[in-house]
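A single structure is presented below for examination.
Chain IDs A, B, C and D follow the sequence of writing; residue 1 opens each chain.
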Amino acid sequence: MFKESVLEKKIYYHDTDAGGVVYYANYLKHLEEGRTEYCAERGIDTGKFAEEGTYFVVAHIEVDYKASARYGQTIKVNTQIEKISRSSVVYLQTITKEDKLLIISHVTWVCVNSKFRPVSIPDEIKRALEK
Amino acid sequence: MFKESVLEKKIYYHDTDAGGVVYYANYLKHLEEGRTEYCAERGIDTGKFAEEGTYFVVAHIEVDYKASARYGQTIKVNTQIEKISRSSVVYLQTITKEDKLLIISHVTWVCVNSKFRPVSIPDEIKRALEK
Amino acid sequence: MFKESVLEKKIYYHDTDAGGVVYYANYLKHLEEGRTEYCAERGIDTGKFAEEGTYFVVAHIEVDYKASARYGQTIKVNTQIEKISRSSVVYLQTITKEDKLLIISHVTWVCVNSKFRPVSIPDEIKRALEK
Amino acid sequence: MFKESVLEKKIYYHDTDAGGVVYYANYLKHLEEGRTEYCAERGIDTGKFAEEGTYFVVAHIEVDYKASARYGQTIKVNTQIEKISRSSVVYLQTITKEDKLLIISHVTWVCVNSKFRPVSIPDEIKRALEK
């Protein structure tokens, strides 16, 4: 396993729904932020690669919802790499609240060109992801 | 005043927040949909003009929140034009629920080129908006 | 397999992101709407059961992203039941665009009480879901 | 003028739309966060007052959109109080990017009871807001 990245987020009203807890799709925004910060901490600027025609798109997600967070609480988005292949990366991401597990997820990124065809992950990114 | 366009929308969980009612920013999504449908009903394809380098951007909004909608309720987004100038359009949009007024808004669109500089609204669009 | 429910949705700017296509988490809003309409067509008012202390919460999702939708396009959310157990329901939901498959998903609902403990699905709902 | 509160936010994909910049309604989420942090820095826990039946609801907004932010950029949400009355508070909030002004807004909060009737702002909150 590679090193984990941790992002703290406070829950605001825009995260929640009328059930009183965070809306199930909004955790995916926190997970996006977690992956972006994982990359940023390793010097990977996904925006720069996008400008050059290399994109990472989410191809598959699997999310287990164990417990919920409420308005005003602080969650931690814990991001690590589960597996790197020629053209894909699987992230293992959890969301916790005071060490209670709320979410376990597996998110698969595929590296594609501007025609959305899978291509090899650039070596520079591969090496950085493995840090 | 020009003819009004009416769009019906049902409220889902993703519209609401932990206060039990629609989150204040989410009404702006309904208002966007109302303006798009107002244009579509008049044969204006804003996507096509965007591809040609003419965009409509929101420059100013004023919104009065009078009352709220809840999960499962149906709202009506009522859109009409308040004023058309050389390079801007002011929409008067209300949101109602069974004839109760929830929202009154004034939204100003400015017509810009790809460098975000104001330009004259194409005549074709001006004529269609006034229908 | 039980009868499918189909919901048509037009894509607006609020659905999309700077990648030019629908943001990956926003499809989950369309899937929520699909499940709600599946229930509504069978006379199930999930809001009423929530008031009585019986809730359906999403416990697990698995989503395959095959292709994307863009601003102005119309998608279809196709919802059917894959499996019903004592306290859970698995939905098989796809999103299509002119018969092209964009999304395949499996969404597990668990029936819980106000303390978020799993409880048996009320018979009235079970019978209606199987219609 | 009272003391300003400043909140830094990084822009992620979920903030943006297919126009390549932050979606106009999403800035209102940043403004919500700015007001919450303004209060939190002064020891006001709006969640606690909500539990006791005193709520602050947005009654009016006016927003000028001057310029936009893009994916990966960092914005500052600057929040201060413009005016406090018996039952309402007007916030003056700006959003800036490297000292460039993107957004100017005036947001009116009304203090209401659980029946959404305006009530006097509790003295404890009034004093804290004026810090």
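Criterion: a contact is a pair of C-beta atoms (placed from the backbone, for glycine too) under 8 Å apart; a residue touches a chain by one contact, two chains touch by 3 or more.
Not measured: the values here are computed from a predicted model.
Undergrad: If you take the chains that touch chain C and keep only those that also touch chain D, what is left?
TA: A, B
Undergrad: Over half shared or under half: which fits the residue numbers at the contact of copies chain B and chain C, same or different?
TA: Same, since most residue numbers here occur in both copies.
Undergrad: Return the chain whose centre of C-alpha atoms lies at maximal distance from the corresponding centre of chain A.
TA: B
Undergrad: Just curious, how far off is chain B from chain A if you go by their C-alpha centres, in Å?
TA: 33
Undergrad: With chain centres taken as the means of their Cα atoms, state the distance from chain B to chain C in Å.
TA: That gives a centre separation of 28 Å.
Undergrad: Can you work out the whole-Å distance between the CA centroids of chain A and chain C?
TA: The answer is 23 Å.
Undergrad: For chain A, give me the residues that contact two or more of the other chains.
TA: Expected reply: 13-14, 19, 25, 29, 32, 71.
Undergrad: Considering the complex alone, what residue numbers of chain A touch chain D?
TA: 10, 12-14, 29, 32-33, 36, 45, 47, 71-72
Undergrad: So in the complex, which bits of chain B are touching chain D?
TA: Checking each residue of chain B against chain D gives 19, 24-26, 28-29, 32, 50, 55, 57-65, 67-68, 116.
Undergrad: Considering only the defined contacts, which chain A positions touch chain B in the complex?
TA: Chain A reaches chain B through residues 13-14, 16-21, 23, 25, 70-71.
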